[in-house]
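The following pair of complexes shares a single chain, subunit A, combined with subunit B in the former and subunit C in the latter.
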Partner chain A sequence: MPTTRRRLLAAPALLPALAAIGTRGAAAQGAPVRGGTLIYLEQQTYTNLYPPAGGHYPAGGVLNQITDKLTYQNPQTLEIEPWIAESWTVNADATEYVFRLRPGVTFSDGTPLDAAAVAKNFDTYGRGNRDLRHAVSEVITNYQRSEVVDPLTVRFAFRAPSPGFLQGTSVIGSGLVSPATLALPFDQMGDATKIIGSGPFVVARQVLGRELVLNARRDYAWGPAKHPHQGRALLDTVRIIVSGEDSVRVGALLSGQAHAARQIPAFDENRIQGRGFQVFAPPTRGVNNSITFRPDNPLVAELAVRRALLHGTNAQEVVDTLFSPNYPKARSVIASSAQGFVDLSDRLTYDPALAVRLLEEAGWTMGPNGVRQKDGQELALTAYESPNYARSKDTLQLIAQQWARLGVRFSVMAGDLGSRTVDSLDPAKTPVAPAMVGRADPDVIRSNYHPRTRNMLLQTGGVSRRVQSFNDPALNALLEAIAAEPEQAKRLALVAEAQSLIIDKAYAVPLFEEPQVFAAAPRVRGFGFEAVGRPSFYGTWLAAR
Partner chain B sequence: MSRHLAQRLGQALLVLLAAFTVAFVLLQALPGDAVLIKFLGSEMGLTAEQIAELRIAYGADAPVWQQYLHTLGNFLSGDFGTSIRAGVPVASLLAENLPATLLLAALAFGTASLLAVALAVLSQLGFAWARAFARSMPSFFVAVPVFWLGIMLIQVFSFQLGLVSVIAPEPWEELILPVLTLAVPISAPLAQVLIRNMDQVFGEPFVAVARAKGATHAWVLWRHVARNALPPTLTMAGVLFGELLGGAVVTETVFGLAGLGGMTQQAVANQDVAVLQAIVVLSAAAFVTISLAVDLLLPLFDPRLANRPAGAA
Partner chain C sequence: MSGATLGLAPLRALRLPPLGLMLAWAVVAVLLAWAFVPGFFAWQDPLAGIAGRQLEPPSFEHPLGTDGLGRDMLARVIHGARESLLGAFLAVSVGLVFGTALGLLAGARGGVTDAAVMRLVDTLLAIPSLLLSLSVIILLGFGSINAAIAVGFVSVAHFARLSRTEVLRVRRAEYVEAAFGSGGRFLAVLWRHVLPNAMTSVLALAALQFGSAILALATLGFLGYGAPPPTPEWGLLIAEGRDFLATAWWLTAAPGLVVVLAVLSTERISRSLGARRT
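Entry: the complex of A and B
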């Protein structure tokens, strides 16, 4: 199974990284205060808390507090640092990893977090468990087996090079849980009280769909080795409360009923900052918010048409009209904060005159109704909005207006989740689709485009049975090489090549770098984020009013 | 009477079975299913083979009639299955959400009734301006969007005036604004029916007789009119239950309350069949119970109904 799927944080998830302000701010503003309860507003409830399903933002936000990882990806430098693993070695072709664990770590149910527990975790995440319906983790590729060398040493073997595994041990999806938790079927893992980790917080109380109360674990003494905060978490309690309505979250924050909130609408950012509140916008470091084409559909099979749509899309207008400076205009397929980014802005110019010329040359002539035609066929495209992405519907509708000026009809559909899921697999029904993936590893580009993973171009060889013939072996070979290349410099060069190829073939129209936007009251200090923008309350504290 | 009751109970069971079956068929007819949505449309990035395996594990590929009998059998034995979306048994979701919604609905209904009665009484009093006001309110109430009303109440009473907290509220304040929000649209049809019936009853000959005997306006209103205006209102109240559930969806979303409304909305959005199936059967059961209760209560207010021969209903 060559599929690698790596740390993609899913849709809403896409936003990585660190905003750091929190951790840095703490040092600058006097001694941290211990104790207190932080009220944090979530837009949605978590659903399943099986760690590899933690790409879902609300689930990731919980798992990041209650589980630890083998390694810690520094959100500023993206370096992999020790955490539960004190040290590690990797062989030359990245097929064998040995981790030496920190002694004395326990899960909150008292069982030791030792080599056997780590082996059990990665056996599950790497191979899945059919009886318990545990799926394989998206971030682990070519996993073969584990070996407990001694109580604090564990070795992992891979069938083929797996250079992304080290970073893979640092992501939310590789959160370590007690063997008791791994004995539960997938169906019961939506109950947070059954998810036993070794993290700085433990689940105290849950009202399904409404609220989760986390208490600090008093004996926690194994934070990431280089984290500015050490020892137990500073807060006593974190109350994660679901409040789905945007205006209620923002109003509650500003009126002092809550301390922090996720998913802040772009148009509220100024008002919040104007009141002296903090806005954080950790970037995604992954595949930018883009429009992707499905060339299996004859309407967009032709390069000239895709190039015309690329140059006929005004991404600057999208950013200026709908978003804030926290959403930078895309300069490549992946974000400027992603690993292996190359600036391709000179190939992403907005040039409606060129777009029209390309369409004319390709034989698409303007019809009487303002829509171009060729051989009696109208250039009419369709896409579903994706509620997981920031203002997806507004974005697509604005682009529809831009394309209409070229003589292209673009219909944006809402649709129920079932229709959307089924139709999105059919290039005949959805020649265009919005996409984005967050994740701090070069492999992210493969995750989005390879047919065996997210397959955003709908090539043959993926989950969809509706694809007739489209396949780009050159692109796929490049993507596979990214997953298997052990040497970092070569890997990044491959990532650069893939970005060029995707833009040259106009498979996608990158729009903007999607951040994850949070807001917090002025007295909240040390509000941290992991490498892809999930909150970390480990070093968070509340200053006196 | 007992034969009438047995008949009604039999009908109720038939209605429940029909609701279960229709819901099952309709849910099957939708494109996609919960397993597909959870594992394909999600962040897990599974391959085709892994999804196929999961489909088999969840029984999503079994013939429809097998799934139907299996699900029906489970329901009869009290097992509502598991929510694929939430990863918890449907029974736990219900235990968590049902009491909250029942309390919200009961309080909202109580408040709505008080409002309706107040308006109806006001509509029969002597002051012309009060009558006009009371008679125009129901149309206004029904026109106010619940969503907007909820947001406005929150903005004014919670965020501006700081009178009640909507995030992490104390138990006593948690339901104040949601109950008001939900009560307003529910009270409108109740008030309308009540006012119209009162007007009608005031025109009946027996009222004239009572007046001729020297009864005051208030006496007539309380002793004769109100009592006779009640039965149609009671019937109306039974029908309003559906409105309550619908209003609860919006109210619970705006206020971030746990409840059946929000649970239904999530289940619909994610095609979480097990949850939807349970909610449909539960709602049908509630409708059936309420209309049965209304049927049994009516004769207490209008003895004429009790004298009908059984089965003539």
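Entry: the complex of A and C
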């Protein structure tokens, strides 16, 4: 195959929600209108726009408009399509990638987007830069070096097979930025005006923490090759306004003060649709919204306790009480729309009787005030809510109710960002943490659990210095194998194995498949989403009232 | 005074307290009853929700409806009284004990001690109270008791300043000089003669601070620093209800109204205590 040696598996069945987006985008009545300003309400502000930090949804929402990627992952088929790279070849063991670039592409500061610029980008993302505090991207593994073959051809070499790299070039974390931007230290990348990309929009001005104005680039002519829209973006301007309160965002949208909004609470979906507004729920295709344990904490170090909590959690009740049909109950560690998904629902049963038996057998006896005890220690757990996830506080509180019936006290804390960040790295303070991450590649399971990436279980060897001893070499070896296995079928088998391992050791309690829920006014057309649900305003336009 | 007040003249002859004051006492009595025997007023569980019965409008079964997790809102407001009033009581106690001690020391000793203590108090007063209580709570850790201590710490300065003034007034009174003159030891005189005579206005301030403490605790609870969920606490209830303002405004309005009533009532009572002194 000249273009792609191995196309990533397309998800066989798409969620109805996504199918609806496709039809709505395509079946927009009338010819697209150019011009106008779209006001988009974002729940949180971006904190840093270093592209590999774009996993944070607010940052991803900005980066997706101002940067282009080497390849484009079609959000419907999940196939990798040409974008800045016109074609590419991969060798048999996935240790060498050659990309042929599209000519005539420039960054918005005028510098050409050529092989040297691409090489500089991936050298930074693949190896990091200690002096400028640029971290290694979580989507790139085993990166060795780049080589500029000619001005439009770049070759990447890897120390070991890196089969996830092709998909990795399509994600927001691999957005291409000008070499001038990469010369900035990490701390200065919170300033959006300094992030120079080649995307359909450029940053016009920002009010830090409150507002960001993006203007369309008039000479943009290099959208994804198979994207239905070509040429410059249809909108003239996008104003991204930060509005933290859910009720304010929904109210502003319904009253016509804004055109689109992210993070719509499930209980408002019906009200919004009842008023003729559109609700979109693109899936995130990654690790499900879960409760993860930090086994370094002695309270949850025992498998029996974790298994008891897993079987004492009623995920169906969480979905029924707090969410809508857009949030399917989890059937495994990863979403059913993710690659390599295996249905493990028979091991995720809600069985409070079994949970109580497990706790009794492990020596946790009911104490005087309804909390189980062992050697004078109460089974009292704590977690911080995470505003990044849908209704995190309510979810955790509902689980606290369910666990209270087993005799486990579970406290949910809100607190400020600083305390949350520090305490979340300390397994003694937070034995439990909510987690989810979106990415349309099997590698996502490694990103979430491996100590050198997100380290959700807080193992030794990761970013936290407070971890005493917990490490699971078997799990880590499996996760590393997923990142390095070049053959897709074998790779998906490893992903299946990792899912089983995580459930059998009860490291996580999967709750539901978390979509990103957006709402838009009836006159918004062509509101697009990339493969894991970040907005794309490239083909968006506003119909006449 | 116009003719309308004439009708009240016979009432006034009975020396009944003003209607507003009686209402204020009634509100406080009800709130105290909620705090001590919540089960008598609320027959539903404030902590365990009924899945699938979330966000119901007010009905006979749930007079204030249910919250996002299907918990009875009335039960949560009533049970919240204990957390909020206990916290306010603790906060005022912290302020009263430490503030009065500092003021007493400064006022009675005078000189360098006075100057040092009062400059410390000035510094405390210069820092915005919310910022100060947030700093204290970050140091102590989250929780309802710690929130109460943080709020109380902020009011130490107010108590210290007032009690110092009162002590200064009493300190030069002839009976105190006489007590010292007849060989009384410093601490004994302070305890027997100065403190009791300086306390009335401090106690009025305590009642006033009780109202502000409820409000400050609700603020901390709203911001997520107070009692951890699912403990019902008024500030937290307001915070949790605000997402549902458009669909279920009563979830925010009910606890908000209770906080307003509690604060206004304690202020009214405090004013009547202060007025009685003069």
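As a convention for this text, the second predicted complex is superposed on the first by the 513 of 545 C-alpha atoms of A that agree within 3 Å, B and C clash if a C-alpha of one lies under 4 Å from a C-alpha of the other, contacts with A are read in each partner's own complex, and residues count from 1 in each chain.
Everything below uses one rule, namely that a contact is a pair of C-beta atoms (placed from the backbone, for glycine too) under 8 Å apart; a residue touches a chain by one contact, two chains touch by 3 or more.
The structure displayed is predicted, hence computed values, not measured ones.
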item: Partners on subunit A (subunit B, subunit C) - clash or fit; value: fit
item: Touching partner for A:Thr321 - first (subunit B), second (subunit C), both, neither; value: second
item: Touching partner for A:Arg271 - first (subunit B), second (subunit C), both, neither; value: second
item: Subunit C, subunit A and subunit B - angle at the middle CA centre, rounded to the nearest 10 degrees; value: 30
item: First, second, both or neither for A:Ala543, with subunit B first and subunit C second; value: neither
item: Partner with the higher number of touched subunit A residues, subunit C or subunit B; value: B
item: Touched partner set for A:Ala404, first subunit B, second subunit C, both or neither; value: second
item: Subunit B versus subunit C as contact partner of A:Gln188, first or second or both or neither; value: first
item: Partner chain(s) touched by A:Lys393 [first = subunit B, second = subunit C, both, neither]; value: second
item: Contacts of A:Ser247 with subunit B and subunit C, given as first, second, both or neither; value: both
item: First (subunit B), second (subunit C), both or neither touched by A:Ala414; value: second
item: Nearest Cα pair across subunit B and subunit C, whole Å; value: 6
item: Where subunit A meets both subunit C and subunit B, residue numbers; value: 245, 247, 251, 416, 419
item: Residue ranges of subunit B in contact with subunit A within the complex; value: 30-33, 36-37, 39-48, 50-51, 53-54, 57-58, 82-89, 92-93, 96-97, 151, 154-155, 158-160, 162, 165-168, 253-258, 262-263, 266, 268-271
item: Complex contact set, residues of subunit A against subunit C; value: 245-247, 250-251, 265, 267-268, 271, 314, 317, 320-322, 382, 391, 393-394, 396-398, 400-401, 404, 411-416, 419
item: Subunit C - residues contacting subunit A, complex; value: 47-49, 51-52, 54-55, 68-70, 138, 142, 223-225, 228-230, 240, 242-247
item: Subunit A residues touching subunit B - in the complex, by the definition given at the top; value: 1, 3, 5, 8-11, 13, 39, 41, 45, 47-50, 52-53, 55-56, 128, 130, 133, 135-136, 138, 186-191, 207-211, 239, 241-245, 247-248, 251-252, 254-255, 257-258, 416-425, 447, 452-454, 462-463
